[in-house]
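Chain nomenclature is as follows: A, B, C and D, assigned in order of appearance, with residue numbering initiated at 1 for each chain independently.
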C-alpha cells in the first residue's frame, strides 16, 4: 500500500528537485569556461619548446634546431585559434544548451587540453609515423566532435535562428573538410609516407575554398 | 573616562568600516574565479603525460606505454568536469554567498588544484596501494566538501528557492554516492587490494542511478 | 612663426587624442584580469610538488617525504586566497581606477605571479635562512603593496563611499599586521633562527584578532 | 540549365548561411579571451626561474645567481603588462571587430604566448647575440602587430569615435617608438654589441616622452 502511494506521490520529490535547476542551461558561463580552456591550452604549448642547453658559442645553431618545435607550436596555436573562432560563431546562434551539448562541449575541451601532448611528440619526433598519426587523429577528432555538436544542436532545437535544410547542409559540408583531410593523412602515414601525410594538411585551405565554391554553385553535391 | 566613551563610541568605527563592504557577497565574481581555477587545473593535467624519450623506431611502443597516463588524464578530467557541472548547478540556486561559503569554496578549489599531483602519482605508479589511497582520498574529499557546502548554503539561508525538507534530502542523498564509493575504495586498497579498489570506482554510475531510483520510489530510505 | 602657431594650436591634437580614451578606467576588466592571474598562480603551485621517482615498494615513504612540499603548497594557496578576498573587498568600494592604481595593481600581480618560486624554494630547502627570508619578503611585499594601494585609492578620490578619517585608520591598521609579522620574521631569520621565524607566521591570526579588538575598544592606538 | 538556375538561386544558400552569423563581431568575448591569454603568459614566466639544486649551505649564493633570471621575468612581465594596457585602451574605442581584426589579434596573442621562450633563453644565456636578437625580435614584433592592428581598425571603420587625421597620426607616432628601438637593438646586437643592444632598451621611456613632446609642439615630424 505504502509503496503504491509512494509511487504516486514521491515522483513529486524528484520533480521538485529537478525543478530547482533550469532544465536547459544559459550558454554564457559555458562559453567563458570554454574560452578559459582554449586560452590556457594555447598558452601551455610554448612549454614544449625546449630551452637549449649548449655552450654559449653554439646557441645560434641550437635555436635554429628548435625551428621544428616552433613550427609545431605555431601549427597547434592555429588549430586552437580556428577551433575558438568556430566555437565562438556556433555559440552565437545557440539559444540554450542541454545536458548533451554540455557533454559534447566537454569532449571538445578534453581534446583541446590533450593537444599539447601530440604537439610535443610531433615536435620531438618530426615525421615519424606514430607521431603524425597521433597528431592527425587528435585534430581529426576535434573536427568530428564539432560536426556531432552541430548536428545535435540542430536536432534538439537548441539554435536561435530557424535554419532551413539547404543552409544547414551547406554549413555542415564546410565542417567536413578538416576531419576528412586529417583522417586521410592518417591512412597516408600508416601506409608508410608520414612526411607526405603532413603535407596533405596544407590541402585544407584550398579544399575549404573549393567546397564553399561548389556549394555556392549548386546542389550537385548536397 | 576616555576609554569608557571609546567603549561606547568606537564600535561605531568598526560598524562604519564593516558597512563599507556588503555583508554578503554577490556570487558572480566567485563563480568566474572558480571557473578559471577549474579550467586551469583541467588543462594542467596534460603536463603529467610524459613525452617519450626513446629511439625513433621505438616511438610506437613508447606511446602505447603512455596509455595508463592518458587514462589517468581522462579520469581526472572527468572528475573536474563533473565537479564543474555540480558547481554550476548549485550556484544557480545560490542567492548570495557569506564568508563561510567563500571559505568552503576555497577548500573545494584547493582540492581541485591539488588533483594534478595524485593524478601524476597514479599514472606513474598504477595500482600501488599508496597511489590509489591518495587519489581516492582526494576525490572523496571533493565530494565531502560539496556535501558540507550544500548543507551550509541551506542552513544559512543562502539559497534562491525555498527547498522543502524531502527535496533537500533527495538532493543530498545523490551527493553522498561519490564520497561513499571513494572512501570505501580506500579501505579496499588498504586491506591489500588496490586494483579492486580502482574497479569499485566503476560502481559510481550504477550506484547513482540506483539511489535516484530508490528515492523516486519512496521514503523508505529517506 | 610656424612653431609659435603650433605651440598654440597643436596641443589640441594631444587633447583630442587623450580625449579618445576615458581618463579613468572602469574597474571591471581590471578585476577579471586580476582574478585570472590569481587563479593561475594558485593553480601553478601544485607543479612544485615533485612526483616521487622511487621503487614501487617505497612509494608510501616517498609520499610522506613530500609532506613539507604539500604544506608549502597549502600555505601559498592560503596566501593567494586571502589576497584575492582582500582584493575583491577593496575593489567593491573602488569607484574608478586611475593610471597609478593600475600600476599598483600590476605590482601586486607581479608579486603574486612570483610567489610559486619562493614557495618551491621553501618546500625544497625547508627552514634554511635564505629560503625563509625570500618567502617572508615576498609575502611581506604583498601586504605593503596593498597598503599603498589602499592609501592611494583614498587620497586620489577613487572610492565609491566617502570614508571618514577614523574608519580609514581602522581599516589601514588591520592591513598593517601581515607585513609587520612577515618583515619581523625576516629579522628573526637573519639573526639565525629561521625555524622560529616560520613559527612567527602563526602569530598572524591572533594578532589580527587583537588589533581588531583594540581598535574596537578605542583610539588609544589610533 | 540546372546549373544556370543554381547559379542564380543557390548563392541564396550561402547568403542565408552567412546571415546566421553576425558579419562583425562584438568585441567583448574577444577582449576576455585576450585577457586570459595575457594573464596566463604572464604567470607562466615564473616557471623559467630555476629552483636552485645545491647544498643547503650554498643556497644564498644560488639565489643571488638567479638574479638575472628574476630580471628577465620582471622585464617580460612589464612587456606583457604594457601590451595589456595598450590593448585595453585600444579596444575601448573599437566599436566592432571584423575577421581581419580577429586575425591580427590572434597574431598578437601568438607572439605573447611565445614570449616565455625568448625570456627563458635570455635569462639562461644573458647577453649572447642570438638570445638578444631573439628577444628583441619578439618584442619588436609585438609593437609592429599593434601598429598594423591600429591602422586596420581605422581604415576599416571599426572605431567608435571619429578620429581626425592629425590625431590619428599623433597616436600612431607614439606606437612607433617601441618597435623602432627594439629593431635598432637587433642591428646593434648583430654587429657585435649584444650588451649595448640590451642597454638601448632603456631608451624607450625617454624616447616615448620626446616623441610625445615633439608631437605636442607641432607638425614638423608629422
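The rule we apply is simple: a residue touches a chain if its C-beta (ideal position, glycine included) is under 8 Å from a C-beta of that chain, and two chains touch if they have at least 3 such contacts.
This one's a predicted model, so the numbers in the text were calculated from it and none came from an experiment.
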Touching chain B and also chain C, the following chains: none
Numbering shared by both copies at the chain D-chain C contact, with half separating same from different: different
CA centroid of chain A to CA centroid of chain B, Å: 27
Centroid spacing, where centroids are CA-atom means, of chain A and chain C in whole angstrom: 38
For chain D, residues that touch 2 or more chains besides their own: 32, 36, 40, 44, 47
Complex interface listing, chain A residues touching chain B: 2-3, 6-7, 10-11, 13-14, 16-17, 20-22, 25, 29, 32-33, 36-37, 40-41, 44, 47-48, 102, 106, 109-110, 113-114, 116-117, 120-121, 124-125, 128-131, 134
Touching residues on chain A, where the partner in the complex is chain D: 31-32, 35-36, 38-40, 42-47, 49, 51-52, 56, 59-60, 63, 70, 73-74, 77, 81, 84-85, 88-89, 92-93, 161, 163-164, 166-167, 170-171, 212, 215-220
